[in-house]
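Sharing a structure here in structure tokens format.
Read from first to last, the chains carry the letters A, B, C and D; within each, the first residue is number 1.
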Amino acid sequence: MNRNYYILTAIMLILAIGTVFIHERKYTSELPASELLWDILQPSRFVTTDQVAKRIIEKDPSLLLIDVRSASEYNKFSLPNAVNVPFDSIETATGQQYFGNPGTKVVLFGNDGILSNRVWILLRRLDLKNNYVMRGGLNEWIETIIQPKMPKQTDPETSFEQYNFRRAARLYFTGAKVVTGNMKKVKVVFKKRKRAAVAAGGC
Amino acid sequence: MNVHELNPKKTLGVLIVLVIVVIIGFLTMKPSPYDYKLNVNQSIQLLKDTSEINFYPYELVDVLNHKNKNVVLIDLRNKYAFGRGHIPGALSIPSFDLTHKKNLRLLKDYKKNGLTVVLYSNNQLSADGPWFFFRQIGFNNVRVLLGGYNYFLKHKNNLAATRFDNSYIKGIERFNYAKVSKSSDKSFEVNQNNKPKPVIFKRRKREAVAAGGC
Amino acid sequence: MENSIKKNNEKYINPYLGGVLLGIVMLISIFISGRELGISGSVRNTVVETAKVISPKAAENSTYYKKFLKKDTSPMSNWLDYEVLGVFLGGLLSGILFKRIKKPFIEHGKSITAKRRLIYALIGGILFGFGTRLGRGCTSGAALSGASTFSYGGVVVMFVLFGSAFAVAYFFRKLWV
Amino acid sequence: MGPLVLNGFISSNWNLLIAVFIGMAFGFLLESSGFSSSRNIAGVFYGYNFVVIRVFFTAVIVAMVGLLYMGYFGWVNLSQIFILPTFLPSMITGAVIMGVGMIIGGFCPGTSFTAITIGKIDALVFAIGLYIGIFFFAEGYPFLEKFYLSANLGHVTLADVTGISLGWWALIFTVFALASFWITASIEKKVRKRIKDYKF
């Protein structure tokens, strides 16, 4: 009998005894906590009400609107074709079926975008992707789409385009009467900067 | 000749290498500095009771005149914005630096000493994510300033009066949505189609597991 | 013939060294591919392939072949085939290194003839092949790899396989002793 | 981190090349440990050569213990590795048949393949037998299907079935294997004294 066999036996035994004391890792499908904050700080999840309205009008089949408010609020009013998943039922089976489906973009909305943002964080923690948050929620929806404010004449042209879009969208969403005559921005040619008035004539 | 009479030098060598690898594994293993303390369900329950979450602007009055010494204000905006102006007495920790070892240790100290940490940024939304994150990793002393710095700046001279203002409070309906969204013109009826359609989904793909077997 | 076996017997490596290295190979395999070794699955693939070549229609109608006749075969499914190719190469390498490669010969116990040995080998192979399918793998695929990944079925196969071999060993002692 | 292929560190084409190398190591170790000789394999059941037990159990315990450490260090995600599914009735039957086949044939599939490379005709015949056996099974599958798929427990580990943690199981197996090494060594000594004509 060679002495080294005792050493071998001892080493193997010690290694095996060690395995009893190392705890087994719990494998969850959750995102590691160290990665969650980084994702929270990325603003790419926010979409504007205009973008959402455009998608609804275009009948984008990949769009799924999720209303995170309570059922009673949902029953009073919600966006067209929105599905109600109250924030406290996202972990239930009925809630889970809507999230993380390949090819679907889920837009979460609430009253102000705070609650929907929190729901987004929880969904991200559950490692569900392709979720978005409608910035400003329904309050902003009303302010921008349903009751758009006319831009000032000095606003850049893009805000007029946006306004025209919103008026059309409003028509779509409320069925309001068409206001004839398209609001067109009077073209203002911006000069680089107005010079201080200089009196004509030289010295 | 019995195999047990031979010297298993090579076997011993290989096994020692294995032991060294295990030792390297122990040495290089980094414990994660923080982990979830609340599970998802507990986090949802947390959202139901807002009294523990929010820090109202009028509560700042006591902080600013040093009556309430249990509150630490943390400014999550970048250093530049902080330099241009901040709530007096606030500490600047840009949100990307929150989980640096040093800052994490600081926050742990605050928690140990029973201090309330109030996070703020320009608006509530920007501070809300970090707040929710810190709650989930077990910092139950962290709150978020409603209205954010913008609201504070507008009302810094009459903070006490904001007790009766609710314009900064989020999550409430500012409009009667249904009424506002109804056309005044009754010729068309709209919003008939806001009932959810049944949506059928394919099941999500399972996580990849190695195929195998013979 | 007997002499040559005796002469080369000493050149085997220490079995414990072989075992430790084999364990490490399995760990590397798990680390890289997430799976361990297996042999019989590759033989099954060969059977399926031949069935496909000889009569594609019958193969498609057979419930068993159908399971393995996918149009888009994923690379994972023929991982075993490549591994078995490696087993041949590895065996060859070892044979060359330890000078065990010889002209084709038949190894058999003293009390039986070479012909009987071949017949028994064939019967044993048929039984073993049939068993691998029921057992979801052979000694390496089910017993070795299964047991080392703590699979309940793998451990059961390991003990039952050795147990049944022990149980019948007495009746076939003439073949080996 | 691992399994590297599943987590996108290595493409699946490289995986096949790696499979060849892993197979090579496997084949090399089988051959060089003496598994290419059916007398060495069968010897374990007659008590004159325990090389199979030694190699086999050492590999199992090293892989078991190593797997747990790798999982603990975060090198391998243990939930992603393949675990053999369990179908007790058919697996036990299959294992019994395999045991008989091993005694009669003197090989198991892996060892027969390595034995072919060093020129053993009996190994080649055994491999042909394997092929025929699997062909028989495939042809008889319609009759066996019900039995084949009965009592599906899924991909369960010992811990799932018994509730004892895998660490304890690794220790149990290690103690069992180490004990068997010492016991078989003494058995071998005694038996070999009796069988004088077989030189080792």
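What we mean here is this: a residue touches a chain if its C-beta (ideal position, glycine included) is under 8 Å from a C-beta of that chain, and two chains touch if they have at least 3 such contacts.
Predicted model, so just to flag it, every value in this text is computed and none were measured.
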### Message
With contacts counted as defined, which of the two, C-D or B-C, has more C-beta pairs across the interface?
### Response
C-D
### Query
How big is the gap, in whole Å, between where the Cα atoms of chain C centre and where those of chain D centre?
8
### Message
Centroid from C-alpha atoms only, then distance chain B to chain C, rounded to Å. What do you get?
### Response
54
### Query
Approximately how many whole Å separate the CA-defined centres of chain B and chain D?
49
### Rounded Å distance, chain A centre to chain B centre (Cα mean)
16
### Task
Can you tell me which residues of chain B touch two or more of the remaining chains?
1, 3-4, 6, 8, 11, 15, 18, 22, 207, 209-213
### Message
I need the residues of chain D touching at least two other chains; which ones are they?
### Response
3, 5-6, 51, 54, 61-62, 64, 66, 69-70, 72, 74-75, 79-82, 84-85, 166, 170, 173, 181, 200
### Message
Please output the residue numbers of chain A that touch at least 2 other chains, ranges allowed.
### Response
8, 12, 15, 18
### Query
How would one label the connectivity among the chains shown: line, ring, star, complete, or other?
other
### Query
Among the chains present, which pairs are found to touch?
A-B, A-D, B-C, B-D, C-D
### In the complex with chain D, residue positions of chain A that touch it
9, 12-13, 15-25, 27
### Query
For chain C, which residues are in contact with chain D within the complex?
5-6, 9, 12-13, 15-16, 18-37, 39-40, 43-44, 46-48, 51, 62-65, 74-76, 78-80, 82-95, 97-98, 100-110, 117-118, 120-158, 160-169, 172-173, 175-177
### chain B residues within the chain C interface of the complex
1, 3, 6, 8, 10-11, 14-15, 18, 209-214
### Query
Which residues, counting only chain A, touch chain B once they are in their complex?
1-2, 4-5, 7-8, 11-12, 15, 18, 29-30, 32-34, 36-37, 40-41, 64, 73, 76-84, 87-88, 90-91, 97-98, 100-102, 104, 110-115, 117-118, 121-122, 125-126, 135, 138-139, 142, 146-147, 173-177
### Summary
Residue set of chain B touching chain A in the complex reads 4-9, 11-12, 15-16, 18-19, 22, 32-36, 40-41, 43-45, 47-48, 95-96, 98-99, 124-125, 128-130, 132-133, 136-137, 170-175, 177-178, 180-185, 187-191, 193-194, 196-197, 199, 201-202, 204-205, 207
